[in-house]
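Right, I'll just put the structure down here and ask away after.
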Amino acid sequence: MSKLFVKGNEAIARGALDAGCSCYFGYPITPQNEIPEFMSKALPETGGQFVQAESEIAAANMLLGAGACGIRAMTSSSSPGISLKQEAISYMAGSDLPGVIVNISRGGPGLGDIGPSQGDYFQAVKGGGHGDYRQLVLAPGTVQEAYDLTMLAFDLAFAYRNPVMILGDAIIGQMMEPIRLIRREAQDREESESWRLEGYAGRKPRVIKSLRLAEGTLGKHNEHLQQKYLTARRECRHEEFMTDDAELIVVAFGSIGRIAKSTIRRLRQKGYRVGLLRPITLFPFPSQALQDLAEKGKRFLTIEHNMGQMVEDVRLALCGLAPCGFYGHLPGNLPTPDDFEGSILKEFASEA
Amino acid sequence: MSKLFVKGNEAIARGALDAGCSCYFGYPITPQNEIPEFMSKALPETGGQFVQAESEIAAANMLLGAGACGIRAMTSSSSPGISLKQEAISYMAGSDLPGVIVNISRGGPGLGDIGPSQGDYFQAVKGGGHGDYRQLVLAPGTVQEAYDLTMLAFDLAFAYRNPVMILGDAIIGQMMEPIRLIRREAQDREESESWRLEGYAGRKPRVIKSLRLAEGTLGKHNEHLQQKYLTARRECRHEEFMTDDAELIVVAFGSIGRIAKSTIRRLRQKGYRVGLLRPITLFPFPSQALQDLAEKGKRFLTIEHNMGQMVEDVRLALCGLAPCGFYGHLPGNLPTPDDFEGSILKEFASEA
Amino acid sequence: MSRVIFREERCKGCLLCTLVCPTDNIEQSQRTNKQGYRIVQISNGDMSACKGCGFCAQICPDEALTVYRSKADRTSEDLAEEEHV
Amino acid sequence: MSRVIFREERCKGCLLCTLVCPTDNIEQSQRTNKQGYRIVQISNGDMSACKGCGFCAQICPDEALTVYRSKADRTSEDLAEEEHV
Amino acid sequence: MSIYQDAIIAGFGGQGVMLMGTLLAVSAMESDLEVTYIPVYGPEMRGGTANCTVVISDEEIGSPIIRRPLTLIAMNRPSLEKFQPLVRDNGVVLINSSLVEPDLTDNGRIRAYHVPVNDIAVELGNLRLANMVALGAYVRITGIIALEVVIKSLSEVIPERYHHLLAHNTRALEAGAAEIEHKYPSGG
Amino acid sequence: MSIYQDAIIAGFGGQGVMLMGTLLAVSAMESDLEVTYIPVYGPEMRGGTANCTVVISDEEIGSPIIRRPLTLIAMNRPSLEKFQPLVRDNGVVLINSSLVEPDLTDNGRIRAYHVPVNDIAVELGNLRLANMVALGAYVRITGIIALEVVIKSLSEVIPERYHHLLAHNTRALEAGAAEIEHKYPSGG
Amino acid sequence: MQEIQAYKSPGILADIPTHFCPGCHHGIVHKLLATCLEEKELAEKSICVAAIGCGAFIYNYVLVDSLEAPHGRAPAVATGVKRSRPDSFVFVYQGDGDLASIGLAEIMHAANRGERITVIYVNNTVYGMTGGQMAPTTMVGQKTTTTPGGRKPELDGFPLQMTEIMSRLRGVHFAARVAVNNIKNLKKARKALLRAFEVQKLGSGFGFVEFLASCPTNWRMTPVEANERVAGEMIPYFPLGIFKDQAAEEG
Amino acid sequence: MQEIQAYKSPGILADIPTHFCPGCHHGIVHKLLATCLEEKELAEKSICVAAIGCGAFIYNYVLVDSLEAPHGRAPAVATGVKRSRPDSFVFVYQGDGDLASIGLAEIMHAANRGERITVIYVNNTVYGMTGGQMAPTTMVGQKTTTTPGGRKPELDGFPLQMTEIMSRLRGVHFAARVAVNNIKNLKKARKALLRAFEVQKLGSGFGFVEFLASCPTNWRMTPVEANERVAGEMIPYFPLGIFKDQAAEEG
């Protein structure tokens, strides 16, 4: 099939459509507006529903409603708007509801700017909402991956009956690259049959809720959720680049992962044995891959476009097996391969 | 001065008043309703303002407005309501604004229940909102501490121009205990003079905002915030109980810290050398204290009323110096000293 | 004669039924049920006044009442009244 | 004679001033300023028609115009008009 | 040995069990003891039963939540049914025998005190005093607090607008204590 | 050595620089090269200047963001002032000499190409074709893409309702290329 | 002797005790709702969106497919439901705190979009579930746990009249205010609810029925006193009636 | 020759180029606002609460103490400000997306509480800052980037008429809709704004002024065409006038 040259945002929208997404609920915010804009045209054409919600809160709650009907649906926003969705996401997790949430994040805190940043890692991965829940988090590094991972997100959301977040940034959202589309079979209408709401005709009424007052029930639900998250570990995905002979492994995700790759290519040319591990799933986190590398005696440097968030997960994964340095590129400043060279070289020097 | 027998919630309200809080903005939610209820009576009597906001979002944004005026103000809520405040908290952090937010948290995710739980640790400590910010987090373990730490929260909020959260749970909020009040001098009206809004008469107009579009400005602000958080490390507070000769240190915060103390007392009677480290500030986290104990060769067990959140900070603090076990009491189930005995004994057995 | 059956364990003693009964056929009793509520009873233990209109059952928030209306009580006036109130 | 002063670098060429000028005294020019906007100018370079009413300056979203009204132009009719529109 | 006592107090919503708990707790505070009190709250209270837990000690109190209490005041039948099995062996159970049949008591395992607190209260002129009768009895049985301190503490927990009722409450506390002295001369 | 080229394309909002970028990028894609394109967006665009960055390579592209580009197309003066200092030594700078005075060029450090794209476009009958003139010139200078591929790609980036203008655009691309051949016979 | 049952419990109403306080009107509204669903044969295709408040447990009593919405967001959740399953019958059950305070934007926008849903709005002038705080509907002077001196309009504003606000939005095709404090009003309430259901069946727009209801517990009244307050204090400020019936007006 | 300056730039208006697109009415509203603040001598005691939208940068142009509010929440932020500093003059500058969509609950509740603040509401029927998506005020049939086929009332609802909604809330003491598309309307706008300021000075209640405004960029029109659309399409649906002036009505 021929290639299409599209923005990351459009790739996400197309990925959703090709994964069978039939409802989109959103509210405008830069730098993700191409998603609702694309959907507002494409969905009605395929019999789906596009709703411009009155707010991000409403959009997230519409997603909850659609999820309860067992429908593949999506919402998207950017950092401040994602903060507003936290209550609904917590409810979805608490009610075992699927749904895909896209965060094309921007610089924060507050209104910040509309440039790229990875300041929302903690919010996405540790749970910005209340309670002990997790969402699966996928972090594309290319426009093709934005498309592919969006399709995957829907499958995971329904496989685990859990919210799944696509965490991109302004680079992923605004960048254009060629992509190849995947043609999918018509969507499996059965995937939600055993639990979705549609009127009780022919069976017993169903209730979908997160309130669990009776003694022991909330505890049991929390146990069930933990079990789900343990199972989800098998979904771990990451990319390794030139790690085999590397002394130093740079750990970086999303757009920073790909930019760091440029730096690494350049440093390789200069003879430095440096490699890259790019987590693709941020939750579950590819801890095992890191441990495996640590056991081979590698050293680590985490690079993020924030003041240090994923590095905690890296350190927890390494668990004392190996140290991990950190270089945080300031949110608000655009990252380029040049920016990472110094810190990588410094890390080399520090122990070599 | 004589003692007062009050609920934790009332202690918080009184602490706020005695710290000079003159505006309260809130929205009802169990189990913290005694705070707004007390304030609705007490504040108008002292010339302050009580506003029952239309929502938690509105309440948090009123707090932002009051903070910008350099006024000591507070909002309070419980888990789902706190999720809704995340955007405003991020804005406050991004605008260097003081304010006190109380979370008398309950079981989650979603609507969960109204019982105690510590499921909101991540949200409070890692930042549930978007962007690279932190709030200072204080976790009382007694009603007296609820009162004292609320007063401290206001001082810290203004010293650092940053939101400060009191993280309690349904136990802290609903429990009654005797407390001693502290009489304070009248509030220092000068603390905000150099930055607050009040009309520009006699000086240049001031702008308080978090939007930073000009190149480099958002990055600089993020650096400034990190500097602030580093400085705040000196505010670390924790309690140690029988750690000197202990082999095993239980790390637990808030109500779980005090309940664990009962277990430890009981185990001491049985001859087990177990001690307690109870973090009082959750951010900044008392990492140094943990490291000091680790260097003395102690082992650690974190106990939380959730599925494992603070334990990550403990492990990051210990940084491979010592391992740390974990026992998570299921949110939704009430914790008692009996519940912790087994896991402490198991931890003892595991390596002894 | 129409009949009213109480499910005592369901009654919460709110007395709303007594407000709507056109014949004052229900009154508070001295008894409390297992839940501690002071329940209602047929006034003076005399069912004969009951018209079987079912108003008490309609309003009872707790479905504590069942009314069996005898055909005899089903006068055309009652029906007319029902339609017009 | 009243005078209109343009701050060309501020003009965005929106032409709103031309809409409100009662004497069609302003028109689009062929010049672009540094920002790339096609700016306005006095129609035919002739200032004499200007009444000095200041409407152009009032509506200009970009404060690109300053109007100096000569006392001579300040007729009572103008004033009356101003009051009543 | 050090002083330690804990109690669950339970009954119908309207029986004033929360007031019993706070009065007991304030009395402990006034006796210079450490004390915590924790109620149930929220929709669970609605319509159904209410209960609270009081822990009294001369040492810092760790847990305010007690799964297996040393003592129980059961103001009605559902409360007894729910909490009696949790009471520790040989623990004290004070039963409102006006509402609860004696045969429900787990006599072998716990120490039961049957006091017809409703009847005594009605005798005193007001059914609503039943809670004070029960507390008077409890205090006398356990001896954890002096009755006089409880009586003195009344004015701290009863809202000012009801202070004309202080004397009635005092009488009820005393009546409860007296009933124990009379019925269980060896007890307490 | 492998193929690699990057470019910043900058100008006024209305000059069609985004279209230049996408056309260049799609042409690269059609030439079976790897390519990324990234625009500026949001309020920064409002009123002021617009710019985008294109990276073309035969290898996987790491960074779509380029701080120090190899080439620059400056459609107006502010763009030249802003980006020229960032161009790498000996880099290519294509300047819209219809709007920018030649003396602003950093001649010693970079390789400057002065093309009066506005004037050429006006000659072709439409000022709006200036962007295509510039792109034609750029492609000829750098040789990164064949002009024919660019012309073939036009129909992919120009919305269907404007396809009657394809011929005009083609002519503009060609005119730009021709200008380079004519003016800088050794260049490109 | 021949007998008929004068009032039949609807089959979809669970035969279990409710958690409602004695005399709480929520219980009556639940019954009525269940009756009307059955009467219109809608139960099997219903999806109930429960809001947060004392009515949150409706799924325990009215046995249809049900979903819990976060506080205030039920109209948005219902929008997601109805857009996903346009053939289902979607109704929302909200309290006055939920709908008129935290959820004001959601209800107004769902109404304005003309979502084909039916909203049952139970106005008891107070936050019931959380223990009696001021609601947007609390009457002037009414004492609540957060207006210890009574609601003061200069500080707290005036009680919101939601049916009036709703009926002015063009997406709303039916809006009525009813009460269940006596048999006469109960019958009118039934008619209004049935009519609102029809509007959804017609697929024309949004249906809204406000129920004035008592909350004896938080009004600190006996059930009988509370029932009387509905007529004595609420109805004068919140007048009953059908405020809008688009189809009827047009046809 | 003697001369006077026919229009004086208000001193608190910064003498710097704005970021607004050519012909954007925000610029005119800014000027008017600054003029009125000066005329009433309110600038020195003003606190401006800026909302998120193209007007968010007002603090760069109208030089008074200023505060940025999260999108939609400016009325809540202003409530916090005014309650903290009752002596200051507090005004809010919001767009139609900000006020009528995400912030609908906040504006209505602040209005209903009768907060002593003045809200300047700039309705340009579109989300300007984010690039022209549908707003709650978008006209039926209007094409936007999220209504590529034009706004469809059956799916998207009808445009909200906020001044009408506001004027019916009892806490609102002044509500008007004005335009700045010609000199006549500009003068009326000035009068309305001055009156709204007075209401706050009187301390009686909430003041609301809706400005109909153009957004040439997102309407895909020239500034002149856009200016004409205000009169041709907007005013017929959003009629101008003073909808409420409590003090005037009472006195």
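Each chain carries a letter (A, B, C, D, E, F, G and H) given by its place in the written order, and its residues are counted from 1.
Here is the rule we go by: contacts are C-beta pairs under 8 Å (C-beta built on N, C-alpha and C of every residue); 3 or more make two chains touch, one makes a residue touch a chain.
Values in this document were obtained by computation on a predicted structure and should not be read as measured data.
Least step count on the touch graph, subunit C to subunit F: 3. Counted as hops between touching chains, the shortest connection from subunit A to subunit G is 1. With contact taken as defined at the outset, subunit G and subunit H are each touched by A, B. With chains reduced to the mean position of their C-alpha atoms, the one farthest from subunit G is F. Averaging Cα coordinates per chain places subunit C and subunit E 39 Å apart. Chain geometry summary: the mean Cα position of subunit D and that of subunit H are 26 Å apart.
Note on chain placement: the centre of subunit D and the centre of subunit E lie 88 Å apart, centres being C-alpha means. For the pair subunit C and subunit H, the distance between mean C-alpha positions equals 60 Å. For subunit D, residues that reach two or more other chains under the stated contact definition are 12, 35. Shared contact sites, meaning residues of subunit G that touch two or more other chains, fall at 20-22, 56, 68, 70, 101-102, 104-105, 109, 113, 129, 136, 156. The residues of subunit F that reach two or more other chains are 43-44, 47-48, listed in rising order. Every residue of subunit F that touches subunit A in the complex is listed here, in rising order: 22, 25-26, 29, 34-39, 41-44, 60-68, 156.
Within the complex formed with subunit G, the residues of subunit A that make contact are 22-23, 25, 49, 51, 53-55, 57-59, 61-69, 71, 73, 87-88, 91, 95, 197-201, 205-211. Every residue of subunit E that touches subunit C in the complex is listed here, in rising order: 12-14, 47-48, 76-78.
If you check the complex, the residues on subunit A that touch subunit F are 3, 5, 30-31, 114, 143, 170-171, 174-178, 255, 258-263, 265, 334-338.
On subunit H, the positions that touch subunit B within their shared complex are 43-47, 49-50, 56, 59, 63-70, 73, 76-85, 88-89, 105-106, 109, 113.
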